[in-house]
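To keep things simple, chains are lettered A, B and C as they appear, and every chain counts its residues starting from 1.
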């Protein structure tokens, strides 16, 4: 059990983490979702012991880690840019953590073999890391973090710089891996799909704080603040009542009539759906609507809108 | 708190004390102490500090003239070197062609040759004593500095910036002036400072090619201290020179710091290209040909003269290398001198790599490093007479009586080689991504293990390059050797033997000197080629 | 190569270097160190004979020209580099004596040396040879150009000899210094007037004797451009063609400055007896007769036989050479050099 309480990290005048609270259960996968600059990476580095805390505590199973240096924290950290050791081959990278734990040579060999197989790189032992493709490097970095079998795995944008197809493929693989390993994972990403697909819980981060945390479906269905709603791609409008409301783009249907009316301002084709921006009558708000199936009306057309109540949340903040 | 410092905090204290302590102790014992002693003799003659001779350097017409000549000849030499070497720096940096590595290695050879030899080659070429000869010889020596330092940055300068300027409507010249030149400025400034430093303190070239009427601070220190035993004036001149050199090194260091900052760098492989168009090929051919003429002709003269025996072309002079000079008790055969030189050079490598390596780690790690960096570079700017006399009067007692010890030569050589080691290794160490260390730490490596597993292996290639430079520098060193090894006449280095041969009458001695010079050249070339082979492709400019 | 291996290799090299270069003077006869100038030379056979007779080994340290050697000896006088210094001449004698680098030793061999050469009555130094500095000229050049050789030092500034002379810088060369001293006694002409005139007459100045002789003097160098050179009384000997015939160079009468070279036992020697034996050896007939051909100097020992070439081509000037007392030289040497530099070089 990882317990983070009120940790604060400063970089000069900037506050990277602002009294942040978070906990990760023993075999739980928590995904930190946030825009760049929200402090996600700093959180991982702080947990690994690489950033000094200005305030707060980090505890594992009730033990404060304040005086534990990084090399004794028993975490696996996969860096965003992999940070592979260029002067070692794949085997040398993966075996590093095992060697640091002074395991016998044959155990190291067996474990390297096992982990490489796990990430689908069997037979890559003696490749130089510079010769690998981006995806392969990512797998090596993952294997390296996994090899010493840490009880907590910290992953910083593990699928960062990959192209979309590969990301989707690896997301599935990671999911399976997490299920198999049964360890605590704290994963940082800016990608919604990744976070919702992988996390047992998802935490949305903003400016060094956790805005909302909960099971993926809860977070996705019930954004608690305007900020989270916007970050998740919901519309926020004041046209539906006295309080601001969040409207999911796919909860809106276009009809010929309907009480709510508006004008199509722009439209864009998106593979399996269209995105249509509709300016509401009698309001300055516009709704971003996703339309499946039929061709949406042309720009300038007056349309009516029907909103599925299930896709609307009244916001308090 | 920045991330480098975090890594630093993790490191233990004892190691750091050693890293700082070893180079400091070396510098203190073998440089500050002897140089301080000799300057003290000059300026504290009766126990009272008398700085009036320093004032004289600016007050006396003759000395002021010397100072002024030193300053401007070094400036003109620097300018000439830049003008002559920039095209070669460009070609080496931007084009990939067969023999590129060899070309760069050969351009470095003059840099490590002893000045007596080069000056003799210029004389053999028919150069009279003249200012032009001095300037050209300086450019000849320092060509490599510009090619390596400026070329080093240029290789990594992203050409897309210049392309962007072209697309935005700048002509080729304008694009170069507006985009490339400003980006190169730190490297040009660094190279210029180094060339200026070497021209400022050059002695062999001035003495042999300058003629009696041309005097620099360095030659006057030599004349006043060594010939006139006027240690006051010698010390005063030394101090003025030292101050000038400190100023120069500070400028260098300042530019060096900015060197790495805020430049969009790309990997060399993306930038060099094959000369495909006709214009490209012409540029490469013309630049390489003129470089070859400028650098190779003096060297070729050496080689040709070494075969040009009285009975036509032949190997007589090379056979002469093995002979102890006929009938004389003084001459050590050049062959033996080669052995001495190589052994001294190896010992120098040992000292310089250990001491310089420790210094490089200390400098790369700490803010105080800059001061250490500056201090260790000082021996480059201090007259060999000052150092040599300092050695003579300082190391004369007990276990410190090193005057007749074989170690004195490598000790002195290492003073000159250490700055090169630092120059090569520090950028390599600084290029180690701190996250690499953090990755290791998170994987369970203790600070000591991080050092052993990450920093050392990455630095080791830099160390090899540095070792090559130390070797070459030691091979070619003449001035300090001549002074500190007075008491060891029976194991002279190759440059010293060449000097002795050149000073002795007879065409045969000259020929044998040239043959010895040719061999020295081959050794230096081998060392430099070895450097090129292990050069850390992506980092380090020298 | 990984770093550890590199370090191991380096250490191994260091150690082997120490072993190969390092001294290995086990059970050898006593070795004395002779500190001398770069021109010192002696036949192997003569030195070997000394070693055989006395069981003393001689190590030779050459430390530059005569002045430089004296300067080094003064600097290191607390812990001298050697046991005997040979090569201090009368132009630097007073400095050496004033700094007390020598200890007195009156060699029995002095009985064979004219007392006029024994400049130190306390015998801290012993005269060994004479190397008078004289103006030499290229006889063949003057014959070919149909010009009369100059009549003396002052003639060098005459129009007829414009651009013909090369001299050495007195600040860096001991014959240069001797010649400058010679010009201080030109009778009616002030030496400064002379040098100003000589400069206007396009005199060439070089730093060392080697340059003047080997590179500029027409009688020696194919590319030489100066038929008049400041050199030694013995220099004509070196210009005798191999197949015999007359020497190419001759000494200009009345231009010689008397230069005597001395040796002395360095204060602080640990081998006093051997050092004294070596000084005796320097005055021995054997060494004195070997000297001329090895160093182009004249013996001071009466009765030492000159080699045939010397007899034929190089006589010491019959009239006494110009000379200035060592004390006077010591007092003003630097001042004169500075004045000279200001007149001729700047």
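Definition applied: a contact is a pair of C-beta atoms (placed from the backbone, for glycine too) under 8 Å apart; a residue touches a chain by one contact, two chains touch by 3 or more.
Predicted model, so just to flag it, every value in this text is computed and none were measured.
Colleague: Specify the chain most distant from subunit C by Cα centroid.
Modeller: A
Colleague: Could you name the chain whose CA centroid falls nearest to the centroid of all protein CA atoms?
Modeller: So the chain nearest the centre of the shown protein is B.
Colleague: Round to the nearest whole Å and give the separation of the Cα centres of subunit A and subunit B.
Modeller: One centre to the other, that is 53 Å.
Colleague: Which whole number of Å gives the spacing of the CA centres of subunit A and subunit C?
Modeller: 88
Colleague: For subunit B and subunit C, what's the span in angstrom between their mean Cα positions?
Modeller: Whole-Å distance between the two chain centres: 35.
Colleague: Return the residues of subunit A touching two or more other chains; collapse runs of consecutive numbers into ranges.
Modeller: None at all.
Colleague: Which positions in subunit C are in touch with at least two other chains?
Modeller: Not one residue in subunit C touches at least two other chains.
Colleague: Subunit B: which residues touch two or more other chains?
Modeller: Correct list: 457.
Colleague: State the interface residues of subunit A toward subunit B in the complex, per the touch definition above.
Modeller: 11, 45, 48-52, 69-73, 75-77, 79, 81, 83, 85-87, 96-97, 100-101, 144-145, 148
Colleague: Which of the residues in subunit C end up touching subunit B in this complex?
Modeller: For subunit C paired with subunit B, touching residues are 1-3, 6, 10-11, 13-14, 17-18, 20-23, 38, 40-44, 47, 59-65, 67-68, 70-72, 74-76, 78-79, 81, 95, 169, 171-172, 205-208, 210, 213-215, 238, 334, 337-338, 341-342, 345-346.
Colleague: Of all residues in subunit B, which touch subunit C in the complex?
Modeller: Touch list, subunit B to subunit C: 41, 61-62, 65, 123, 207, 211-213, 223, 225-230, 327-330, 339-340, 343-344, 346-347, 349-350, 353-354, 389, 392-393, 396-397, 401, 403-404, 406-407, 456-457, 459-460, 463-464, 467, 486-487, 489-491, 500, 503, 505.
Colleague: Can you list the residues on subunit B that touch subunit A in the complex?
Modeller: Of all residues in subunit B, those touching subunit A are 1, 3, 6, 10, 433, 435-436, 438-447, 449, 453-454, 457-458.
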